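All chains are identified by letter, namely A, B, C and D, in their written order; residue positions are counted from 1 within each chain.
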């Protein structure tokens, strides 16, 4: 059970305003965040996950203000994320990448300096997670050698290893072929059914419309529409925003 | 009175810094490699300069030949090493560069090249005359440094901003892949960049050699790190930044020594300035975000 | 063409390396360039030619017979030698090595030591203490030297000294001046004059020879400069000099103009500037450029023909204190200066003279002791009196602290060469 | 055979193995490229030298103090790494090296340019470790200790955290690793281990001078790490051994050994950028293949 509230968040990069007074809230659903290039979607993700402190406004997770926390702090409240440009730990194996996600509770403690990470218990957990994202056969290959689609799945597995309550996915379907995208959608639905609150940025309209229960549309840093997929598809503002971009 | 004299001396010191750093900042801008062997090019330039000068007795000819030879030397360095290491982790070209610097310094020190001893470079002011005013004076050598620095800077400025080559470097400095995607012959462009940057290093070697009237195999030790301080202070890859940083550094060093003396050696003062600036203004004085 | 160019490039380097490797190693053929700019009348008077053999009148000179010496034969006697011939200190290291080799050559031409040839076992220490300590062991254990000479800097010499001391092998520090070196133990001797002593002589020169009063002191930031300044200030206080300015500067400094401005403002009548020839050359040229015309006093660090070459006209009138009197008519001094120049195509410097003398002292000590027993050699050095067979002599005697006592000269640059300015023979002054 | 000479070489090799391993924690594990490691060696050496030679503390206390104090100072000197990355960090650490050396040289408390002398040989349990085999045992023991620390560290959560920030700081932060905290850890641990070597170095030579710890030394240590294979445990060890011994083997070419050394580094970077025994290096692949082949044969034989 989690509830995320974004309250009047604005952000400037130098003189450029990336977010304008963004306000919405979401709880326990698959929420899609869409919008044309440069709409501020990733900036909003960075604000939520603690990579950027917004110039104005606040972000609340279950009523607790989190917008001043760093990224390594928000994760411990259960807010995990993936990246638009994939960031696997290239020199580590797939297994080690996921193991790194299991360490979340240890990293801020002195325990981290002496507790061994490669325990049988942890390795069993990893095995399950890799099975879930269909990466078991790549367990011992270096992450750098995986094709991009598998790297995206690896990032999801890594995020899952942190046992998140909220999962922020930044364009998870980018660069995937239809078959892969379908598998991904199934995985996301499955995660949601296990009680994970999912927010995803998506460029692929069809993918977002099929998967998401609700959609928020950003354009030029502002929310221009909000609703169930059917409403959004016919919203004039949204159509204009996308047409304007084309 | 003393103030102006100090200022004019600092200006010349700044010129020597500018010369050391100008070539490096160009090379860094495009290649993003910590090119420590640049200091070897500088030493080779000084060596060729003093050789040609002792044969022909003409400073300007010596300068031109030294620049040509060091330019070619620089391109050879690029083609033989960095060319293959562009996509490797940053430490790889760095260590290769260190290796080259060690190797060239050691080779240059051998009796059949420069030998262990310092050599005089008695070009004096190369025929220029001293400037003496009531407030300050420039010696003929200082006039020479100032003049050549200005000429070279104007030349470089023109090449950087008015030629296709200069524009291709700018493009490559922003994004190498994009640059080659838009049809820039990256190899030729980088080689030309190395040629010019190395020729400037050679000129720096010659002029500093004349200014201190000494040329020796380990003279590159100083620019091997000093030039980096300057290009970082200036915001890596920015020529105007490097010029500004040279001026500031020279003035700070000069006045600190003139007022309180050597609390620490000048180079350490420069490094302290560098560290403080990295802490509080990590992109340099004129660096891009 | 995968990396062919790079391979070619490095092949070229390796090739040049092989070509160079074939050349007879450290002794370069006399430089091909004409010795044009070195004016001939460097040797002022006394055409004392090389033919004159040893000093006949020296009371305790080597037993080197005046007539035909027999060629040395038998097992060579090995002397260890280390100096930096690579890296930043290569100039000094090369001078020291070449001079030591010259001394060995001269000794062997004169019949060697105890009728046996002398052999120099050399290693390059790059002026690094870790290398020097390994080399010291190598010389002692592998090469079985009977005595050793450090032609290196203080850090390296200091690291090697305890190893020689422990092994009971005498070691002579040629020109490393850190006071602690000889305190290591009774096997460690020094050839160069202790810097504090030389500093005292400097103050004497300023106050009682030149009769000046207000001094500005520049100290180079190493053990050499600091010891010199310490000695200078000590004696300056005794004879009532006024120190109007004192500044420290870093080794290798090239920009002295800001300090020159301060000296000008200080009202000093004379500058006592410690340093080596490259810093000194920049200092005096810049001082004259900036219109600072007061006398500049240096020390043996300046004592190299390179100083005059690099400083040019500005060197004129500079006075230094040094152990090497270039106007001396002592045969060994003349022999060293002339043979060095004819062998290596460069003029000799103070560092070289010290290394040369170190070999001479050891050769003498072995001859006197009549054996190659290290203890006997050390004892013979301690008992040496009025020793003339050295370039920077005569060595009057060694103190129990193993520092040499001898007259110290001061030299002035005139007409592009060092000439005698004043000789300090007051034993109380020149004794460490 | 000259045992003392060989021992001296081995003693220094052992010290440089520890140094290379300690730098490897910072650069190989945590990805913070530092060209100022000799400063930590110097801080350790000076700490130990001052405590024993001036204040007459026993060796073992000074040795521990060298480790702790260098660790603390290293933590502070690591602060620039929180602000700057990559090339800038390289230059900042280079600067730290220069500044530390000039402080040794210009502050009288540290003996200034005269250095610190008469540093006593270590005594431990009534035994005096003067040169030779006992000292080799001491330094080799310390090298083994460093190796143990490195090995253990690489197995802990913090070891994994170092790997993550070396790969990508943002991704690391997204998993809860605070990059700042771990960079500081890396600087602190790396410096502390180097400080211990500094103490051993000072007591072996009996004297320390500021010039022993100049920037060129830092380059030498970094070369060992990269030459052998950065980020692995075997790499820095092999690198230190080879780069310490090769110049000694090359004594027969005396004056040319640095030319050779430099050329070796360049060729290595051109053809084996991961180092001689790095994970992707030719030699390591051959060795692992060989190992696998033999174990397969064994299996077959047993099966």
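Here is the rule we use: a residue touches a chain if its C-beta (ideal position, glycine included) is under 8 Å from a C-beta of that chain, and two chains touch if they have at least 3 such contacts.
A quick note: this is a predicted structure, and the numbers were derived from the prediction, not measured.
Q: Could you tell me which chains make contact with chain C and chain D both?
A: Looking at chain D and chain C together, the chains touching each of them are B.
Q: Compute the distance, rounded to whole Å, between the mean C-alpha positions of chain B and chain C.
A: 35
Q: Which integer distance in Å separates the CA centroid of chain A from that of chain D?
A: Computed value for the inter-centroid distance: 40 Å.
Q: With chain centres defined as C-alpha means, what is the inter-centre distance between chain B and chain D in Å?
A: Chain centroid spacing, chain B to chain D, equals 32 Å.
Q: Could you state the distance in Å from the CA-based centre of chain A to that of chain B?
A: Computed value for the inter-centroid distance: 48 Å.
Q: Provide the list of chain A residues touching at least two other chains, using ranges where the numbers run on.
A: Within chain A, no residue contacts more than one other chain.
Q: Got the chain B residues that touch at least 2 other chains?
A: Where chain B meets two or more other chains at a single residue, that happens at 81, 84, 103, 106-107, 110, 262, 265, 267.
Q: Counting only residues that touch at least 2 other chains, which ones in chain D make the list?
A: 102, 105-106, 255-256, 258-259, 263, 266, 270
Q: Tell me the shape of the graph of touching chains, choosing from line, ring, star, complete and other.
A: other
Q: Can you identify all of the chain pairs that touch?
A: The list of touching pairs comes to A-D, B-C, B-D, C-D.
Q: In the complex of these two chains, what residues of chain D are touching chain B?
A: Where chain D meets chain B, its residues are 27, 33, 79-80, 83-84, 86-88, 90-92, 94-96, 98-99, 101-103, 105-106, 215, 219, 222-223, 226-227, 230, 255-256, 258-259, 261-266, 268-270, 273.
Q: Would you mind writing out the residues of chain B in touch with chain C in their complex?
A: 2, 5-6, 9, 13, 54, 76, 79-81, 83-84, 103, 106-107, 109-112, 115-118, 120, 122, 139, 212-214, 216-218, 221-222, 253-255, 257-258, 261-262, 265-267
Q: Touching chain D in the complex: which residues of chain A?
A: Chain A reaches chain D through residues 49-51, 70-73, 75-76, 80-81, 83, 87-92, 96, 99-101, 103-108, 111-118, 158-159, 162.
Q: Please name which positions on chain C make contact with chain D in the complex.
A: Within the complex, chain C contacts chain D at residues 3, 6, 10, 13-14, 17, 20-21, 25-26, 85-87, 123-124, 126, 128-130, 133-134, 137-138, 140-142, 154-155, 158-159, 162-163, 166, 178, 180, 221-223, 225-227, 248, 250.
Q: Going by the contact rule at the top, pick out the chain D residues touching chain A in the complex.
A: For this pair, the touching residues of chain D are 152-153, 155-161, 163-164, 166-168, 170-179, 181-182, 185, 231, 279.
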